[in-house]
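Just below sit the structures, each encoded as structure tokens.
What follows is subunit A paired twice: with subunit B in the first complex and subunit C in the second.
Moving on to the complex of A and B:
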């Protein structure tokens, strides 16, 4: 333990106090998911797996089995993460390294786009997807999500590429690399921390994405976990035990990913500078 | 590995409105090591990158023997290059760094392995090939960079300040080693440096750059004994040559409160007179007062006040040096004097000979 100044304890106490409501929320989630009933934060009844019966439940009316929703969520988040990393790194490399007409304008536009509240576009997006025949498909939501998140990704990756030394690229050229080989074999491996951070970030953000799938997907077969969870809240008699269990189930993968990926995530806020 | 002759014809490079290099014409012989020497921003690195094909010339031509190269991609030029920062790829082992140019050529596994090990042995890094660049010393990184440049057996080797990131001690050793290697392989080499000692010690010929132009292209001794103009005279040699502005009249030079006999100089008019500190002796040509005496061990560097506006530097044996504040008379052998006209161009006459 590093020795902290005394007043730090006060700061810590204050921080804990502020965080408490969220902590309590998570404690409730875990308790409610594991026990038959809870009164507030006090478990009533015994430990039970009853709340977890959704795991072996098949489709009920509109609602698919959770495994279908899980698969959809994985496909959704995975595709968004990979697409975003691929497109953002290529765009960012071009913006960082190549001189082309309109580069400055493009940079400005990307920033503006990032600041733009995406949700205000939702109706326009609905019509676009319908016209393209992509409404109510996973592919459609994936493309919308990637498009909306791309500006931030490009901007972040540009920072990473900006930090690469020109000499390194010149060396690759002198070694006989083409521009493409240079990109794939030298530039990309060197911004690997950035790629991992961006990918993790995109995955987490897509995993918790609710409004886009909720608006743009109707058929149960295409539901993601977020819609699946929401559907329990809309029932006449809300089974809070099961709702909590589904919520916990929904949280676990992301907790896991965060534990693995937090090293990369920290990198993104470090501005991409690697010691 | 036989080098090629390297020809640069009217080579210019502009970056927007900035002229980095102006109408450079230079012929480098096969197997020669030529240094580009000059202060930073003088166009020497630009020239190197033009030869490598990383920059495209604004105008002019580059020839390797009879082949015109200036429109070709670097990969089709057969050049190897060592960068100041070494620019090793941090995500690859030294082995993969050295192998990189061969992998790009899609060389077969066995040939590649043989070539990489051979060049690594030659440079003494055979034992550390599995390490990453971050795990080896600066000197080893420099060798790895050299190995990467040499592994494809280039016709031309380009070195951009290859020694400037090394400790002083290793630098002397690396200097000799690069030269030995270069002569052994017979590869035509161009080295950029701002360190004149390095340039003079290693090169067959040196091109002195200033303001995007070559001031003089000559063997080291000639730069020293017959500098083509006042820039080269002042830039080459340490401490710098004493240069006095003034006027030549009837074989005498008048400037800054001194009058010096300029024997054999037929030129009349404004100009410059130069004498190297190491060629100044105790004598009776110019009287003055020793202002500062810096001991450098074997020799002492004197700053002598000759007149209110003229300081003279003189390098004297310690026994002969006066103490600070003492009166001292300076002199020299006539053939040590250099004469330059008003625009700084060398005048024929004295200053050429070794004694």
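Moving on to the complex of A and C:
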């Protein structure tokens, strides 16, 4: 808004003050990961490589090595992101561009599910995965995660397709291209910013996901980084230094990704909804 | 029309199996005696789980906890703090505004477990915990002030949703309105009160409605920070209780049926509220017919 009061520096100071608790948390995480001991935000020991010993620690009992957990997290987040982008785009394109029986119902369903709190379904999801033999598999959690976030994805991609001028498509249609070809060759490349935003969002949200893998995965070889980190928190003696190092190792990629994709992500975190 | 099937089939299948079916199944399972013993072959038990729930000595407490948690988090952070951040970031130059909005998004982005661990670290006893050092009172702050911790930790994440919605609403206010109020000699504060806040009435209603539902069902951070304690159900809310009944080992025997009954209540509330939102927030405009087929 075109209101820049003369005392805006005062406002800035207030902003810094209320944002401080957030910043302090990340500063602490970095310090705690690097030093032997940290008192508040003051390092009270020397730099410590010992905090990072998890990097060369092998599997201990059920806990796999971090590299297995890292690989699983990459597979999980990567698969969810790519599946979600493709499946959501296809459905969104149909809803945006084609008139078919049940279109209204499908769109209505998507909107209701978008507002519906999916996490309350976890007990039944557990039962379904057990029944399908997908319990304790990465594939199962991947499909669940994609399904639960599809409504948001379809809704967002529909917005992108709606905004596309369709002269290009008309021309291609006139040249005898099928809808299917049209979608892959003409429409999809034109919504690349949307694909990128949705993909990045899905990657971040799956990378950070806790409750689904925690509930639906048991075996160590299928653990993601979230469960790996949590397993240290559950120990009787909590080694804060090492936990901070694992936490930093786990959080850093997301922070970098966010910095790169920040601008086009803002819209999605508002739920893709303009009120 | 046959051409449409490949487009919508994958999405429809995934949603049907992993979203719709669980919703229906939750209600069904809530009427069975499903437990570890009867997992393969649960027996029908009608409304027995619901009767058991009503007789649960802790249900009243959990109900009160849930209301307390949802209302306080919503008022203080998801709407309150969101409003403050949205307005303050609109009063500073753009690049600063963007920077602070991005910072407020960080907690939402941060892996759930890592975020909980950061709180755990800051709330330790002296000399390690920052809060203990600042206040001079050395205690395990999560145990000493479990509600404050849970509400603040959730709120710092929850505020960003409202912040984004309110910011885009503020940006869509026509500039003329601000110039007009400036010409009338209004101070910044008066402009905020007379121009901005009235325009935010609708977005505030929207965020309140939307976030009530999500707070009602979210339990991840409570599970990780306090586990529902300390002591007997101090910070246990409805959705967490449902989860613990079904998956928590400290009940000895996991009771999926009972957990499902509690979850079913949330599913029904969630469905009803989601449908109401769509009615209120202009469903017809959202499902307008596609352009290309009209021509």
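As a working rule, the second predicted complex is superposed on the first by the 256 of 275 C-alpha atoms of A that agree within 3 Å, B and C clash if a C-alpha of one lies under 4 Å from a C-alpha of the other, contacts with A are read in each partner's own complex, and residues count from 1 in each chain.
Basically, contacts are C-beta pairs under 8 Å (C-beta built on N, C-alpha and C of every residue); 3 or more make two chains touch, one makes a residue touch a chain.
This structure is a prediction, so every number in the text was calculated from the model and none was measured.
In the three-chain model built by superposing on subunit A, subunit B and subunit C fit together without any clash.
By the touch criterion defined above, A:116 reaches subunit C but does not reach subunit B.
Shared-chain residue A:30: touches no atom of subunit B or subunit C. By the touch criterion stated above, A:181 is placed in contact with subunit B alone, subunit C being left untouched.
In the superposition on chain A, A:139 makes contact with neither subunit B nor subunit C. Once the two complexes are laid over each other on the shared chain, residue contacts for A:189 go to subunit B alone; subunit C is not touched.
Once the two complexes are laid over each other on the shared chain, residue contacts for A:171 go to subunit B alone; subunit C is not touched. In the superposition on chain A, contact is made by A:215 with subunit C only, not with subunit B. With both complexes placed on chain A, subunit A has more residues touched by C than by the other of subunit B and subunit C.
With subunit A as the corner point and C-alpha centres for all three chains, the angle toward subunit B and subunit C works out to 100 degrees, nearest 10.
Once the two complexes are overlaid on the shared chain, A:75 sits clear of subunit B and of subunit C alike. Put simply, subunit B and subunit C get as close as 7 Å, counting only Cα atoms, in the superposed view. Residues 170, 178 of subunit A contact both subunit B in one complex and subunit C in the other.
Residues 1, 3-4, 6-8, 10-12, 14-15, 17-19, 21-23, 25-26, 29, 34, 39, 81, 84-85, 88-93, 96, 100-122, 124, 126-130, 133-134, 152, 156, 160-161, 164-165, 168-171, 173, 175, 178-179, 182, 188, 191, 196, 202-203, 206-207, 210, 213-214, 216-220, 223-224, 239, 242-243, 246-247, 256, 259-260, 263, 266-267, 270-271, 273-275, 277-278, 281, 283, 286-287, 289-293, 295 of subunit C are the ones touching subunit A in the complex.
By the touch criterion stated above, subunit A contacts subunit B in their complex at residues 165, 167-168, 170-178, 181, 185-186, 189-190, 192. Taken in their complex, subunit A has these residues touching subunit C: 1-5, 8, 11-12, 14-15, 18-19, 21-26, 28-29, 32, 37-41, 44, 86-88, 90-91, 93-101, 103-104, 106-109, 111-128, 130, 143-144, 146-148, 150-151, 154, 162, 166, 169-170, 178-180, 183, 204, 207-211, 215, 225-226, 229-230, 233, 240, 243-244, 247, 250-251, 254-255, 258, 262, 265-267, 269-271, 273-275. Of all the residues in subunit B, the ones that touch subunit A in their complex are 49, 52-54, 73-75, 79-81, 83-85, 87-92, 100-101, 104-105, 148-149, 152, 158.
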